[in-house]
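Dropping a structure here in structure tokens format, bear with me for questions.
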Amino acid sequence: MGFHDECGVVGIYGAENSARLAYFGLAALQHRGQESAGIAVSDGKKINLRKDLGLVSEVFDSSHFENLNGSIALGHVRYATAGGRTIENAQPFLNTFKFGTIALAHNGQLVNHGEIRTRLEDLGSTFSSTSDSEVILKLIVRKLVDGKKNDTDSLCSDGLEKAVVDAAGEIKGSFSLCIMTEDCLIGVRDPNGIRPLCLGRIVPKENCPGVLGGDPLGEGGAVKDAGGLNPGGRLSPTYIIASESCAIDAVNGEFVRDIEPGEIVVIKNGELRTYSCEKKNKATCVFEYVYFARPDSVIDGIAVQDARYRMGEVLARESSVDADVVVGVPDSGIGAALGYSRATGIPYVTGIVKNKYIGRTFIAPTQSERESMVFVKLNALKTDLDGKRVVVIDDSIVRGTTSRRLVQILRRAGAREVHFRVSSPPVKFPCHLGIDTPSKSELISSTHELEEIRKEIGADSLAFISIDGMMSALRMCRAESDGFCGGCFCGRYPV
Amino acid sequence: MGFHDECGVVGIYGAENSARLAYFGLAALQHRGQESAGIAVSDGKKINLRKDLGLVSEVFDSSHFENLNGSIALGHVRYATAGGRTIENAQPFLNTFKFGTIALAHNGQLVNHGEIRTRLEDLGSTFSSTSDSEVILKLIVRKLVDGKKNDTDSLCSDGLEKAVVDAAGEIKGSFSLCIMTEDCLIGVRDPNGIRPLCLGRIVPKENCPGVLGGDPLGEGGAVKDAGGLNPGGRLSPTYIIASESCAIDAVNGEFVRDIEPGEIVVIKNGELRTYSCEKKNKATCVFEYVYFARPDSVIDGIAVQDARYRMGEVLARESSVDADVVVGVPDSGIGAALGYSRATGIPYVTGIVKNKYIGRTFIAPTQSERESMVFVKLNALKTDLDGKRVVVIDDSIVRGTTSRRLVQILRRAGAREVHFRVSSPPVKFPCHLGIDTPSKSELISSTHELEEIRKEIGADSLAFISIDGMMSALRMCRAESDGFCGGCFCGRYPV
Amino acid sequence: MGFHDECGVVGIYGAENSARLAYFGLAALQHRGQESAGIAVSDGKKINLRKDLGLVSEVFDSSHFENLNGSIALGHVRYATAGGRTIENAQPFLNTFKFGTIALAHNGQLVNHGEIRTRLEDLGSTFSSTSDSEVILKLIVRKLVDGKKNDTDSLCSDGLEKAVVDAAGEIKGSFSLCIMTEDCLIGVRDPNGIRPLCLGRIVPKENCPGVLGGDPLGEGGAVKDAGGLNPGGRLSPTYIIASESCAIDAVNGEFVRDIEPGEIVVIKNGELRTYSCEKKNKATCVFEYVYFARPDSVIDGIAVQDARYRMGEVLARESSVDADVVVGVPDSGIGAALGYSRATGIPYVTGIVKNKYIGRTFIAPTQSERESMVFVKLNALKTDLDGKRVVVIDDSIVRGTTSRRLVQILRRAGAREVHFRVSSPPVKFPCHLGIDTPSKSELISSTHELEEIRKEIGADSLAFISIDGMMSALRMCRAESDGFCGGCFCGRYPV
Amino acid sequence: MGFHDECGVVGIYGAENSARLAYFGLAALQHRGQESAGIAVSDGKKINLRKDLGLVSEVFDSSHFENLNGSIALGHVRYATAGGRTIENAQPFLNTFKFGTIALAHNGQLVNHGEIRTRLEDLGSTFSSTSDSEVILKLIVRKLVDGKKNDTDSLCSDGLEKAVVDAAGEIKGSFSLCIMTEDCLIGVRDPNGIRPLCLGRIVPKENCPGVLGGDPLGEGGAVKDAGGLNPGGRLSPTYIIASESCAIDAVNGEFVRDIEPGEIVVIKNGELRTYSCEKKNKATCVFEYVYFARPDSVIDGIAVQDARYRMGEVLARESSVDADVVVGVPDSGIGAALGYSRATGIPYVTGIVKNKYIGRTFIAPTQSERESMVFVKLNALKTDLDGKRVVVIDDSIVRGTTSRRLVQILRRAGAREVHFRVSSPPVKFPCHLGIDTPSKSELISSTHELEEIRKEIGADSLAFISIDGMMSALRMCRAESDGFCGGCFCGRYPV
């Protein structure tokens, strides 16, 4: 469908160098998308925007920040889906309309954008991209304009907030949104909370001079008296909304809390208000824990790395094997490997290294070169593996191709036995909520039995964590035991 | 002096797609230098060259390979020393002279290039860079021309080989060289073997179809009948010479052996010959094991990761501490942390993650932003550290600035105690043999006592591995116990 | 107000390589705008777009044309107004809406876009730029959607045509538009015909082999059976709509006729239909003849170069002077200089040359360097001028700065007397219809008397053509004597 | 042979902003070469260099000038010969050697560089390009080193000057050189004076405030007390050496004189000295006058435009024709057309315009598109030509292809008769002295009779100026009647 949108969003409110804080935050979220990057900034009157294809560090140079002044900023990084590399789909989207300007950044994927788009088109709306995110932006504007048709007032916050709440109630699917106008920043998370979104703040710390102190990120980086009046001399904090808590850490901020499923957080005049659209069962995407999020992030009360340790432990219990060493496939398989080692006592070794310089622009013109690229990307350590019985833990098997190569690399390094363990259940159904999975016919677990897959990838044994096992692993991390979407395993989606 | 030259070199002999193999090899060596990259290729008659500032993936796109045809290739990546980012110093250096064309790539640093340059200038040599590597190239050419002054022959291999052997005997310092002419490839390692250099080959494997089989890297990637005559129908192998064995793995080759200190390896007409210049005591740079080389490389019989495990083990014995978890500073501190954990039984946890997208072009215009960059580069995992007594292992302390930030980050994540352990001895002397160290006055271990350093970085305890301990760690990895340069610890250099 | 829009537009209908024909046409119109360039192409189902800042030759390389397939194309080049260099304002604008996709390219400037924008915003429209051109696009869409609200049909041409006709009747100002949908191309010219727009076709010429023959511009460049049915086997021509006839020549087409003021030309199903919105008095901008258009273009029946010759002739009669040579300031002053020479018998000499390589990216960091840039841009020929009494003809004097430098350059080359003649009347009022003129206070003719200006620029004598003289010159070129806008001379505008 | 070197050189001595003056000078010489551009600058101690492929305005941006400080500068633009677009051949060439650093920029082509290169290679010289210009640089260095072998002095000017004089006496061919060391600037012109080179100065004019005054080009642009001691308070002038006098005009300098054939001009310590190598018969390339040089330049006492007028006049006398209008092919045919008109009384009209935006990067992927490019590059004015008998003057016919297209374009614009006149004699022999001509078999005048060529290009009549006529035209411009190379017409070369 072309709407896969594994992305990262960040919003900053109340810092003079908000664009650069957004830049730092986006850098921390770069793993969520490498196709395009963009930052919109408001100086209170006007919103300026810079976006382009490329990594955060490629899209922005010093000169761009000269035009990105203001205390409210919005940033977005976008995932590189095949074929869709066009500047038109880069975010944030920015639109000027009757009451001002609005910019929006979206992580997620709608399931009913088609019908909403049709409805908006019936009312005369136009679109400049194929993105479902633009549909959300136009829907909000439409609601704003309709809600104030006979009104001569300028944009009052009530109107905007109502429009966003109403829009959030209409769209279906996964959506974590950051929205800004000239004077406010809004965070929205879908009623199931499928994609993560969290809130932080950067507080001046007078008693802690130096880098952790009052001005963590440059000239006036910390604090801005956003609302004019600060009774009692209290300083307003700088707020940050981000896809993952690691972005809050990157600007030396403090994690406050997750945005709740169905919650709308509005920051305006230096104050934060919260609204709810219809709340549904929480259904956070388990793949955020399995491989998508950074290990140093905490999502909905579960530390990502902790979840990975636990999955490894459960996997160890479910499918132990007599072996000499445990290795994890970098980067996201390492946590589960450590957990597996911890649970079994089999020593964890590095075993595999990944070349971090192989990016989008690395070339391999011929087919056989593309196939051989795996040797450039991954290598195994003979010192860890030679003559050993090896348990290797990967986060998932999708098509099986990479897994087969991986087994070859391990054997090339002398592994006597290769026992393949997967820290997520078999992926049998494509995701319609934002993860870039191939069609059902390309999912090896959808078309092959376990033993067939084992043969295909050339391992001595193969086991996936069970769905129950995965849930129990997550339960170990958080008291509240439910609330995950595992649609790709079982075919039942929350939306 | 501006000649710091921590670089990577790779040479390919006997593959039709030699330039692309060199490209893959350079990608594997990218960690050794990110300033510039270059590849020279010979088609037997003419050597073409492409080099520029930037990463391997930035310097080359598909169009460049259209002009890089031939079966012998030479590649180089160069380290980004401050201020010296100029295209003039990019390698390989290429010169045409009386008997043909010669290209040279160098990893290391000479100590007597000044006097040789003066001598060559007296004879009329000209230079287009400030690089000591260009001095080596001109010296070889001078010896070649002098050696054959009254000769009407074209370049005979004896002449070239003699010239290289003579030149290698004259230059002092650290040098691992790859040299090519129109029809041969040469590898040279300095008499002390300070920088690594090794030999591999890519052998067609008829009995192993698929990716590991006969044509590992594309159309004709594997084998070329280089010498015309192959008695008995035996196929000539493709040879590869590289700074580290990980580059051999990247082209799916087989490691053959290290080039010996003082050895000159010449590959010509499909055959490999070896020569020696004066051999001295082996003195491999210990920092190759500590942090410079990739963990999957094997240097002089010691697997780099194994060395790191052992250093961690020795460190554990030398300076154990009561703690709850062990963490390693990525990427090179992880091996020692695993070793420390293994020796003490204190659990290893991930603890710290590093943002792999922060490169040369990431901007931080203000001073306080540059200081805050550490929060973007590194983050700690509360789930691993909160309330814990933490042992953190880094590979070295140079100026101390980064270490101080690191301790702050760990404490921010809740570490109750931070015990800083360093897997190399205190660096008290600048390196004159290729490692980019600051002047003595900036080396914190040169100007401060241990307890002062501990206070400065804010750790609860601090310990370095001892020089003897480091040597014993290396001894555990290899029978032969001597042969390392630790000049930066003790001030005694092999040259 | 920042809406200055001296631009060039081109539309191609019915050629397989329509995007490349548009590219060639834009190259011919490059003099009308160097800030940005863009081409949209329809393959019948989908419209693809490429636009960016820069010259036509900078914005497009071969790879872009791989994604620009289809037989209908729309191109735009935009003028570089100071400060407004943003990708957001680059054209064509492209919007998808209820009934399909529409792209628009605009040359001109509206005077009532503010009120229309407000009206559209009241109805919920959003904008992604500050351009008045985007307002036109949204207005058309709005009319389309409103006109077919209760309709279940897909976009019928009647609807589109009616919408465009209605929109053209509502907007006020200068506008030459090229519009395309998936299956049609439309040209619109404002009721006063202020900016030029003309129609051409590319006809296969079977009886003329060679370059002028059937396939003038490549594989299928000439002819496409656009409508399916071609009674009598007649081939459909390829149509071209362009700002100036020189773009028709550039694709080896035939000029058909000017689009009439207030005319809407619709090309669809291989047929051309024409509509009218309210027609007003023709008021073509005289500056198109004076300097804006290319000398090889013909606008509204007047060959631009012919107009310039005539202006020179009239100027000669109005303000003759005893002199030795006549020179014209390149490029647009040359025609008038030739006319002046012809009328007076004073020999025409080259006298001044202009450096054609000085573009947007030429740098002159300091103020005095910027002032000295005139010596790099223009130079005088001593051989033509030394010791001579010189008549120099320029097309206009705006601020007077350039004229003063020019006189200095002529004197430096030895001119004994410099008689400055201007082929347009004094510019006393800013233009609100698309020409980039400064505010009234900066217009030297608005603030200074003739003699003051003469002193200011340092000429021995100074004369402008009179308004009547200019009109009589244009009358010489075309029977129909009226129909020009000279608002900048007299302050009376047609709109 | 690949050594075609129609280039432009400029040298600046004694201005603080010498690099920017060189930049302005190169911009004025851009017509001499568009492949690459480079500037070397000395601050008295060190020479910095920036060069790259591209136009002057593309190669340099503001940031580059931050590293180009100093009062002596050397600039070069290089012609785009097919296939040879490599950074290796970009100039200036810069070499460091025994006594310092030397940079060289060359316009011309040697005929004996092969033997000199061999000789230098025998002595051990190495080369990094295939350029004959690098051979000159190495030859000078060799002479310098040899001349001072037993000398312990640093580089004394005598040595350098002697070396340059000796080298200039050894190399054969065409060469206009600009050479610089840390503290001096040298201009060299070959003994035949085949390529132009001239000297100018920029004098502070205290009595002329404003732009023409003391500081014409910025902070300290004008004057620098180069020699320390200026007895009597006289200010030292800034010197400029350039390929053409138009570059002197571009920096608002004063033309002093041509460098004489065989002359070496050395500027050092604020003083100018002159030397001679063996002087031969002057043999300036006539094509400099015909089309290569800018019309506003004066070469060897002949104003280029004056020469073109005269050629037109002679052509008129030699081959008059009954016609209605005369047109010149831009840019270099215009002068001759004006002369033809003047001599015959047939009115000169513009007739043809050239699109100045069509450069190196303009794309035309298919063959027929490339052929049609002529319509994009050139257009004819119907208003000037329709129904007329046209004399069209071009500067030369080489292969004939362009001429044929030109005739077609004229006829397309309605020309009733096309009489083709050429302001240079038939080119029958390739040039070995720097003009980029094809091989003899591709020269249409070498393989076809006049009438055959006329038919081939489709003209109604065709005539070339005679060799004698051309010489008489040049004689009209300068008393001294001899001294031109016309080897391409008659096959007799001065070298």
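Letters A, B, C and D mark the chains in the order given here, with residues in each chain numbered from 1 onward.
Here is the rule we use: contacts are C-beta pairs under 8 Å (C-beta built on N, C-alpha and C of every residue); 3 or more make two chains touch, one makes a residue touch a chain.
In this text, all values refer to a predicted model and were calculated from it rather than measured experimentally.
In this assembly, A is the chain whose CA centroid lies farthest from the centroid of subunit D. Interface repeat of C-D: among A-B, A-C or B-D, the matching pair is A-B, sharing over half of the residue-numbered contact pairs.
A straight line joining the Cα centres of subunit A and subunit B is 35 Å long. One simple way to say how far apart two chains are is to compare their mean CA positions; for subunit B and subunit D this gives 48 Å. Mean C-alpha positions place subunit B and subunit C at a centre distance of 60 Å. Residues of subunit D in contact with two or more other chains: none.
Looking at which chains touch one another, you get A-B, A-C, B-D, C-D. Subunit B contributes residues 49, 88, 94-98, 118, 121-128, 130, 137-138, 141-142, 145-146, 149 to its touches with subunit D in the complex. Of all the residues in subunit D, the ones that touch subunit C in their complex are 20, 23-24, 27-28, 30-31, 55-58, 60-62, 65, 211-212, 215-219, 221, 246, 249-252, 294-296, 298, 303, 305-306, 334-335, 338, 342, 347-350, 353, 355-359, 361-363, 365-366, 368-369, 371-372, 375-376, 379-384, 405, 408, 412.
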